[in-house]
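I've put the structures underneath this note.
In the two assemblies presented below, chain A is common to both, partnered first by chain B and then by chain C.
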Partner chain A sequence: MADKGDGQVAAQVDRELTSKEAPEVARKRWIGVLARADQDATEELWAALGRTDAYTVIRGPEQGLVMVRGRAGGTGRAFNLGEMTVTRCTVRLAGGAVGHGYVCGRRPEHAERAALIDALMQLEDECQVVDAQIIGPLETVEEKRRASRSCKSAATKVDFFTMVRSE
Partner chain B sequence: MSGLAQQEYFAGFGDPVHEAQACFRSLMEAMSRPGSIVEVDGPCEVPAPLSPVMASVALTLCDYETPIGLVGELRSDAVAGYLRFHTSAPVVDDLTEAAFVFLPNVSALPDLGTMRPGTASYPDKSATIVIDAGSFGTGLDVDLSGPGIETHVCFSATGLDAPFWRHAQANHERYPLGLDIIFCGPNAIAALPRSTKIEA
Partner chain C sequence: MYVPVKGGERAIENAHKLLAEERRGNRDTPDLDVAQIDEQLALAVDRVMTEGSLYDRELAALAIKQARGDLIEAAFLLRAFRTTLARFGYSIPIDTGQMVVRRRISATYKDLPGGQVLGPTFDYTHRLIDFSLLEGADPENLEEGESDMGVTPHVLNILDREGLMEPANGSSGAQERGEDGEVHVGDLTREPLEFPADRDIRLQRLARGDEGFLLALGYSTQRGYGRNHPFAGELRLGEVRVGFVPEELGFEIEIAEITVTECEMVNQFKGSKNVSPQFTRGYGLTFGHCERKAMSMALVDRALRAKELDEEVEAPGQDEEFVLAHADNVEATGFVEHLKLPHYVDFQSELELVRRMRAEIEAAKVRNGDAEQIEAAE
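== the complex of A and B ==
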């Protein structure tokens, strides 16, 4: 219990530090959340926010392939895991703020929406509302999904030590 | 425009596929008929001092495999950022590495020997120079002849003086090696491939 509490505090401190000291780290977090989020969930939260911001599309939405690389065990040498389709888009709000959106698959509308949300997150007056109403909820959904998947795969884990003859 | 300390972004082609195709068609026409003036539209917003026509040429021809060299006033963060953002092409300082060299005017032209002319086995590995020529039909008249020209054609553009044409003729004499040149006007382009002979 105590351990979990400390972890939460540490995470909170960590988040405060990142948002104050390194804006690009904070931005990485929400662009990542938007990239991994479900399109329908994003659209639903966006509709609930009820915004109609004027913006110009600077680039895209355009589709392409990116090579996903991984490291065995997180520490080994980098290897190419495979290619995935990605849609990206860049928009500029009437005020000049620029947002980038990268999402997986061929989903131009989703990429444009993610870019628009990123642009709004650049605005000091808007970022807290957008963070609380879109990024936060999407992050919660993602954490739940991750937890449930880890839980399911943990249930199928085979512990080879139990296979040693016990007699 | 924005109070942010980061790079300013400008939109590229509104309809990337068709606008790039139309520009490519114009470039083909200009290259295959040296000295002829072919109309080209540019994207509506570009960072100064890049001209819309030059931006159009860059967005059509450049990609991640074509290093870009920028000369003179074009060597700015705004222009380099714009080209990198829209074309993914690397912007290089060393002109011998560049596949495309962009010049704001003829007087900024470096020694042609500093740009790659291709090799005997691969003459296509040469650089293409894109020059903002101001306007066509003003300046020193020269006669062009060679492939793509029935007899000869009279050509001139702002700033193209006798020394420039001497360099251009020397470039022609290295054929099949050499550089190809694209001139950008306010709303049109003209081309001078290495195969074209120049007479004052």
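== the complex of A and C ==
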């Protein structure tokens, strides 16, 4: 009984996510992928897509800072650790869709490209192709890099034995 | 009073040209690529980002090149650069519990959920000079293990569950909320340092503080100047994502993945009138891979909590004003190095003062001498 109850709640939460938060969750995903992505890799995929969309830059690209925060003890009181460089840009497609790019570092061209891709990702007819040919591949590259780092470290996992002292 | 001087423009210009020449060095040696510094002097880049308080690898590497390897000068360059940029806002606090760890060790538990991962470390090396690097030898092929991308829980949670560990906030409790309901986090880039300083301000100051200074202070607490019985509860290195809420979007996005080093010290605590004996915490967090700095920061953070824990403040490492006022190497170098600037007028007045005092003493001696001679004669 309890299981069934939990399942129903979960299903309901899922539905709510789809209706309300899903667009934000989905957009968070691709904005994040573009923010971290390598510029050359992005440009290569963009060029392969062969698009020439007309758009207007309505803000930026602008370089700036975000103050990165940490927490005392990892989970306690927030404090300011230090700043990082960030570049942002906002564009509008001829059709009206507005895209935002927020990328790490000082990368104006990349921020503009990210904003353009974000705008295209909001078009129902375009998003699948752009996702499959740009966001997806960038995500794969990132996952591979993370996995490779993780595998290299995994080989350094160690077991310490506490030696019994002989009298 | 400092009285400015004029002139010397040509000499200064030529001195800077000479600096550029020396920086380049022998032209038969290839020019140093910023990417090489980023990749192969990565720990210098990490230190400059941490103390320059700006996460930007390429910029830090460039600053190191420009500063000819003088890391404090490089940190100074980053601090100066940041003043040219607008602040977009504050990140969501990074969640180090979600870190993809590349290194994670604990000196308190040998069997940890998630295991001990040595990662890239100087530990257990014999500190012998490796002459094969002279030849530019390629490193050996790496053995790879099974990737574990799962979340690695914090070690101190183990003690936390038993109630033997104070909460992450310490006994100071929850953070104050302002009138708008938002938690106020002090920011030294916006507000001057004032005493007594809250822990958020102390941690920010320590995070950008000089590694050498904090190392010496941390060491002093170990040697008995404000002893607090530390154990390296956990030290971890890895990548975390940085979340940010742009106003125009109104929801959280990720703007970067950054490398950080985190150290949690576990310290003994006798307990006080109100609190039973338990372990307390000291916390260290840095950009990049700065292990020594993170450990030193954690030792000093704990030492600076003396007052909060009803401990006697008797050693330099526990003295908040002493530690925080002198931890910043960019400020410190500014004040120490300004002594090199012309102080001719200042010194001229000092010179006159010393001459006058000497003359007065000499005159007094002569008068006394005369008196003695007269006495002797009588």
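In the analysis below, the second predicted complex is superposed on the first by the 122 of 167 C-alpha atoms of A that agree within 3 Å, B and C clash if a C-alpha of one lies under 4 Å from a C-alpha of the other, contacts with A are read in each partner's own complex, and residues count from 1 in each chain.
Here is the rule we use: a residue touches a chain if its C-beta (ideal position, glycine included) is under 8 Å from a C-beta of that chain, and two chains touch if they have at least 3 such contacts.
Note that the structure is a prediction, hence the values are computed from the model and not measured.
> For A:E62, decide between first (touching chain B), second (touching chain C), both and neither.
It touches chain B and chain C both.
> What is the contact status of A:R51 with respect to chain B (first) and chain C (second): first, second, both, or neither?
So A:R51 meets neither chain B nor chain C here.
> Touching A:Y102 in the superposition: chain B (first), chain C (second), both, neither?
It touches chain C, and chain B stays clear.
> Using the superposition on chain A described above, determine whether A:T90 touches chain B (first), chain C (second), both, or neither.
In the superposed model, A:T90 contacts both chain B and chain C.
> For the overlaid complexes, name the partner, chain B or chain C, with more touching residues on chain A.
C
> Considering only the touch criterion stated at the top, classify A:K144 as touching first (chain B), second (chain C), both, or neither.
It touches nothing on chain B or chain C.
> Which chain A residues come up in both lists, the one for chain B and the one for chain C?
Overlap of chain B and chain C footprints on chain A: residues 62, 90.
> What residues on chain A touch chain C, complex-wise?
Its residues touching chain C are 24, 27-28, 31-32, 35-36, 62-86, 88, 90, 100, 102-106, 146-147, 149-162.
> Quick check on the complex: what are the chain B residues that touch chain A?
1-4, 6, 9-12, 16, 85-86
> With touch defined as at the start, can you tell me which chain A residues reach chain B in the complex?
Going by the criterion above, the answer is residues 56-59, 62, 90, 92, 95-98, 122.
> With touch defined as at the start, can you tell me which chain C residues reach chain A in the complex?
Listed in rising order, the residues of chain C that touch chain A are 49-50, 53-56, 58-59, 82, 85-94, 96-97, 100-103, 110, 115-119, 142-149, 154, 156, 167-170, 172, 175, 183, 185-189, 199-201, 203-204, 207-208, 239, 241-242, 244, 246, 248-249, 251-258, 260, 262, 264, 281, 283, 285, 287, 301.
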